[in-house]
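Paired with chain B in one complex and with chain C in the other, chain A is shared by the two complexes that follow.
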Partner chain A sequence: MDILLQLIVSGIAVGGVYALIALGFVLIYKATSIINFATGEFMMIGAYFFYTAMVMIGLPPIPSFLLVMVCSALLGLFVERAILRHMLGQPTISIVMVTIGLSSILMGLAEIIWSTDFKSFPPLFPRAPIIIGDIIVRSNLFWGFVVAMITVILFALLFKYAKVGVAMRATAGDQMAAFSMGINVRSMFTVAWSLGAIAAALGGVIIGNMGGIQPTLGGIGLKIFPVVILGGLDSIAGAVVGGFIVGLVENIAGGYLDPYVGGGVKDLAPFVVLVLILLIKPYGLFGKEDIERL
Partner chain B sequence: MRIGDFKQSYAADEAVFRSNTVRVWLVVLFAAMAAFPFMVGPYLLYMANLTGVAIIAAVGLNILTGAAGQISLGHAAFVGIGAYTSAILTTSLGLPFFLCLPLSGISAAFFGIIVGAPSMRMKGLYLCIATLAAQMIFDFIFVHWNSVTGGIRGINVPAPDLFGLKLDTEFKMYFVTVPIMIIAVTAARNLFRTRVGRAFIAIRDRDISAQLMGINLFQYKLYAFATSSFFAGVAGCLQVYLLKIVTPEHFPLHESIRYLAMIIVGGLGSVLGSIFGAIFMTMVPEALQSGLALFQGLDDKVMSYLYPLQTVVFGLLIVVFLVFEPHGLAEMWRRLKDYFRLWPFEH
Partner chain C sequence: MKSLRVTLGLLLTLCLVLGAGMALAADTIKITAQQPLTGRFAFAGKHIHQGLADSIAYANEQGGVDGQKFEYIYEDTGYDLKRAVASFKKMVAKYSPVMNYGESTGEGKALAPEINSRYHLVYGSTSFSQELADRAKNPYFFVSGPTYAQQFGILLKYIAAHPKTKGQAPTVAFFHSDTEFGRDPVPYAREMAKKLGVKVVAEEVTAVGAVDITSQLLDLKRHNPDYCIFQGYVVPPIPAVIRGAKDFGLKTTFMGTFWTMSKMLLDKLGADGDGYMGVMPYAYWYHTDVPMIKIIQDFNKRHHPDVKYRPNSYMQGWFTGMVYVKLAKMCKAKGLPITGPNLKNMIPQVKDWDTQGFAGIVSFKHSNATAVGKVYIGKGGKFMPASDWIYLDK
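The block that comes next holds the complex of A and B.
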C-alpha cells in the first residue's frame, strides 16, 4: 500500500511538469494548428539556457529564470518568423516534418554549443525531502511540481483575462472573424510560438533540475503526445488533466511491471494509453471534434 | 528534337513508357546498373545495396503517405518486423531466402493492417501520433521479448542461400537487391495506374469526396497500410541479409523519420521521388562522414563539433527542402529535363 501511495504521489508530481510542457504544445496548436514535434527540444534548450545563465554566467536563480523566459520567447519568435511562416497552407505532413527537422537542428546545435556531457544545476531548493504523512517526496520533485503548477495557473489566467490571451482565443476560434475585429492574426501566431516556447522551456528547467541535462533530454518531449491526445489537442484543461493521468499511469505501471519485463515500462505505458484513448475517444477527453463538410 | 507529346487515348497517356526516348534511356540505365558492380569496390557495392533497400522501403512509405495521404511515423517498425521475421524464420526454421522474402513482407503487411485499422476513426495529426505510438510499442517489443528477438544483442543471420549459391559477398547480394528493387519500383509505378492506386490518390485529395464516389475508405486505407508495410517487410528482409545481424538499434524512431525525410526530399507521391530521396538521404550522411574524415588530423575538440553537425545538416535539409522546394528532387529533375528539352528556348 505504501508503495502505491508513493507511486501515486510521484506520479502526480511528474504529471504537473508534463502538464506544463503539454501547455506549451497546446498553446501553439490552438492558435496555429501546427503540431510541434520540436516541443521536447524547446524544453531541452530552455534547460540549457538556465544552465548557461546560472553556471556559466553565474546569475542567481530568479534572474536566470527571467532570462530563460526572454531567450525562449525570442527562440519561439525566430522559429515562427524564419520557418513556420513559410509553411502556412501547406499539407499536414510538411508541417509535421518541418518541426521534426527543427528538432534535429536544435539537438545538433545543443551538442555543438554545450557538448554531449551530462550537466546538472547547482541546488535550487533545500535538499531535505518533503514528508507528507508516510510518504517521502524528493524535494526537487516537490518544488518542481509547485513551480509548474504556479506557471500553469499564470498561463491559464493570462489566457482567460489578459487582452493578448483573449485575442489568442479569438484567433484560435475563428481566424477570419478575429481578423475583421482588428486582431493582428499574424502577430498572434508569433505570440503563440513565444508563449509555447516559454512554457516548454520552464518545463525543461524543472525536468533538468530533477535529473540533470543532456542534449537527448528532448526525448521526454515524445511523452507529451500521449498527454495532449488524452486531453484533446486544443484544450488547456485537457493538457493539465492529461499530464496528471500520464504521470500517474507511467509511474504506477513502471513501479509494478518493471521487475517482470526488465525495465522500460515507464516509457512505454503512456503510448499504450495513447493507443487505447485513440480507439475509444479519438478526440481526447476535452478535444473539439472536427466536423467536416464538403 | 522531341518537343511535345500528342496523346490520342487514355491508354497512351497512362502508358508505363511515355515515349521511345524513355525506353532508350531506361536501357542505358539498366546497362549502367549491370556494369556498376564490375567497376567498383566492395564499399561502394555495400552502399549500393543499402540504397536499394532504402529505395524499396521509401517507395512503400510513399504509397501510404505520399499517395494515400496517411502519415506514418512507424515505417521503421514495419521494416523491423520484416527483418525479425526473416531472421527468425532462417535461424530457427531454416527456411530458404526465396521463401523468407515474401513471408517477411506478408508478416509486416499483417501488422500494418492491425496498426492501420484504427485509421478509420482518425486522420491527419491523430493518425500520425497513433503510428508514433505503434513505433514505440514495436520498439519496446524488439528490445524486451528476449526469447524471440534476442533482446538488444539481436539475432545473427547466416548468409542467404539461393538455390545452392551462397550469397556471402556484397557483389553477389547486389544481383539480388537490385532486381528486387526494380520489381518493387515497377510494381509501385503500376499500382498508380490501377483502380486501387487511383483510389489512394482520391482519398489523399479529399477523403469525403472519395467516399461519395463509392470508395470504401476503410478498405482502401487498409490496402494502403498493407501494401506499404509489405514493401517495408521486404526491405527489412533484405537488410538483415546485407548486415548479417538484426538488432533493435536498426529500427528506432529516428529511422522512421529518415524514411519520411527521404520521401519529402525526393517528392511526395512520386515513385521517382522516392528513388531520388532514398539515394540522397543514404548518400549525404556518407558524404558528410567522408568529409569529416578529411579533418581527422585535427584535434578532438574540433571533431566533437563536427559530429553533431550531421544532425544539424539532416534537420536543415528537411527544413530547407520543405520551405524552398516542397515538391522535392523529383520536381527539380523535371525542371532540369524541361530545360534541356526546350533549350535554347525557355518555354
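The block that comes next holds the complex of A and C.
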C-alpha cells in the first residue's frame, strides 16, 4: 500500500511538470492550428536562457525566471513573425516540416552558442526531500511540480479573465467571427506563440534543474506528445488531465510491472493507454470534435 | 615573350612545389577519422578528436616511426550513421589510409563486413563494444580499453573483493538505459557475477534522460543492494537516482563505467559525488604522478596553453593514438611495410606494453580489447584511485 501511495504521489508530481510542457503545445495549437514539433527545443532553449541568466550573468533565481519568460516570449514572437506567418495558407504538411526544421535549427544554435557540453544550474531548491507520512517526494520533483502548477493556474486565469485571453479564446473558437468583432487575429497568433514558448521554457527550466541541460534536452518534448494527444490537442484542461494520467500510468506500471518483465513498461504504458483512449475518443479526452460537412 | 617565360617559370615552380608536397604526403602514414564534432555526442566527440590529434602530433614530434610521420585527416559526421559511413568511404577512396577512427559502435558494426573483406584497414573508435573487440569476427577492429562487459567484470571483481558484510555474498543491482549501449554488457555481467559469487538482486531499466525514476528507486529500496552499477548513461538520471536513494535511506554504493566517470557528472553531483565509484581504463588529467599524464600536460602546455583540464574522452582519443603508433612501430620493427593487414596482425602481438601508468600494462590477449582498468572513487570533485590496475585476463 505504501508503495502504491508513493507511486501515486510521484506520478502526480511528474504529471504536473508534463502538463506544463504540454501547455506549450496546446496554446499554439489552440490559436493557430499548428502542432509545433519544436516545442521540445523551445523547452531546451528556455533552460539555456535560465543557465545564461543564473550562471553566466549571475542573477538570482527569480529575476532569472523573469528573464527566461521575456526571452522566450521574444523567441516565440520572432518565430511566428519571421517564419510561421509566411506559411499561412500553406498545406499542413509544409507547416509541420517547418516546425521540424525549426527544431534542428534551434538545436544547432544551442550547440553554437552554449556548446555541446553538459551544463547544470546551482541548486534552486532546498536539498531535503518532502516527507508526507511514509511517502518521500524528492525535492526537485516536488518544487518542480509546485512551479509547474502555479504557472498552469496563471495561464488558466489569463485565459479566463484577461482581455487578451478572451480574445485568444475567441480567435481559437472562430477566426472569422473574431476578426469581424475587431480582434486582431494576427496579433493573437503572435501572443499564442509567445505564451506557448514561455510555457515550454519554464518546463525546460524545471526539467533542466532535475537532470542538467544539453542541446539534446528537447527530446523529452516528444515524450509529452502522448499527454497532448490524450488530453485533446486544443484543451488546456486536457493538457493538465493528460499530464496527470501519463505521470500516474507510467509510475504505477513501472513500479508493478517493470520488475517482472525486465524494464521498459514504464515508457510503453502511456502509449498503450493513449491508443485505448483514442479508440474510444479519437479527439482525446477534452479535444474539440471537428465536424466537416461536405 | 618575356612574360610568357615568366609565366611558364612560375607554373613549373608551382608544379615542383605541389609535386614535392604530394610526394611528402604520400610518404606519411595516413589515419582518417569520422568524428562526432556536432550532434548529440559532440560533448565527447570534440575531446576525443583533440586527444587523437594531439597524440598523433606528439608521436610526430618524437620522430614518427623511424622518421616516417603520421597524417591525421578527419571529418565531422554530426553523430549521424549515414553521414559517417559515407564519409568513411569517401575518405578511404581519397586518401587510402591504413588506419581509421570511427564515430560510434553503429558505424563500426555497419562497416565491419566491408572492412574485414575489402578495405583491410585497422579500425579504432569511440566504441567499447564487445562485438567489435571479437578478434575472430572482426580482426581489424580494436577497442581502446576494456569493453563495457569487461568494465563490468572489473567492477564485479572489485565488489567480490570488497563485500559490505564480511562472510556474506555482496549484492548488486544493474541500472541501465533501454538502449543497445545500456544492454551491451548485461548478459556477460550476470554470468561474471555468478562466477565471482556476487548476487544480482535487481535490474533497473529506464529511458535515457528519464524524468522520474521513483518506481526504479522503490525497486532498489525493496532489494537494498550493496552496490549498483550504471550503464548506458552520461549524466541524467544518475544524480536523481543517487540523491533519491539517499532520500530513501539506502546505503548502496553507486558505480559507473567509462562514460559515467566524467567530471561533468561529479560537477552535477556536487557533495553527493563523494563516494561514487567506477571503472576507468586511463589515468585522469590531475593524476600528475603518472608519467604519461606528465607528457600529456607538457604537450598541452606547449600547444594549448589556455587548457586547464582534459576530460576522460580526451584520454580515450590520446590512447587510441598511442595504439596506432604502437602498431606501426611494431610493423617497422619486424621489417614489415605499414599496411592494414600487417597492422592488423600486430594487434594480438601487443603484450605487456607499458603505457607509462596511463592504461596499465596492456596486452590484447583473448580479444582486441585491453581488459584492464582501475576503480576510482569520487572525492572532493575528483576521481581518486580506489584500486590498483585490475586485470581481467590474469
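FYI, the second predicted complex is superposed on the first by the 286 of 294 C-alpha atoms of A that agree within 3 Å, B and C clash if a C-alpha of one lies under 4 Å from a C-alpha of the other, contacts with A are read in each partner's own complex, and residues count from 1 in each chain.
By definition in this document, contacts are C-beta pairs under 8 Å (C-beta built on N, C-alpha and C of every residue); 3 or more make two chains touch, one makes a residue touch a chain.
Worth saying up front: this structure is predicted, and the values here are computed from it rather than measured.
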Which superposed partner A:279 touches (first chain B, second chain C, both, neither): first
Partner chain in contact with A:271 - chain B first, chain C second, else both or neither: first
Which of chain B and chain C A:217 touches, first, second, both or neither: second
Which of chain B and chain C A:196 touches, first, second, both or neither: neither
Chain B versus chain C as contact partner of A:111, first or second or both or neither: both
Partner chain(s) touched by A:120 [first = chain B, second = chain C, both, neither]: second
Contacts of A:259 with chain B and chain C, given as first, second, both or neither: second
Contacts of A:46 with chain B and chain C, given as first, second, both or neither: neither
Footprint overlap on chain A, comparing chain B with chain C: 108, 111, 116, 215, 262, 264, 267
Complex interface listing, chain C residues touching chain A: 38-40, 42-43, 45-46, 178, 202-207, 209-212, 214-216, 218-219, 234-237, 239-240, 243-244, 247-248, 264, 267-268, 270
Chain C-facing residues of chain A, complex: 3, 6-7, 10-11, 13-14, 17-18, 108, 111, 116-118, 120, 123, 127, 129, 136, 138-141, 207, 210-212, 214-217, 219-220, 223, 247, 250-252, 254-255, 258-259, 262-264, 266-267
Residue ranges of chain B touching chain A (in the complex, touch as defined): 65, 69, 71, 118, 121-122, 124-126, 128-130, 132-134, 136-137, 140, 143-144, 146, 206, 208-209, 212, 253, 257, 260-261, 264, 268, 304-305, 307-319, 322-323, 326
Residue numbers on chain A that touch chain B, as the complex places them: 35, 83, 86-87, 90-94, 96-98, 100-109, 111-112, 115-116, 215, 222, 225-226, 229, 233, 261-262, 264, 267-268, 271-272, 274-275, 278-279, 282-283, 292-294
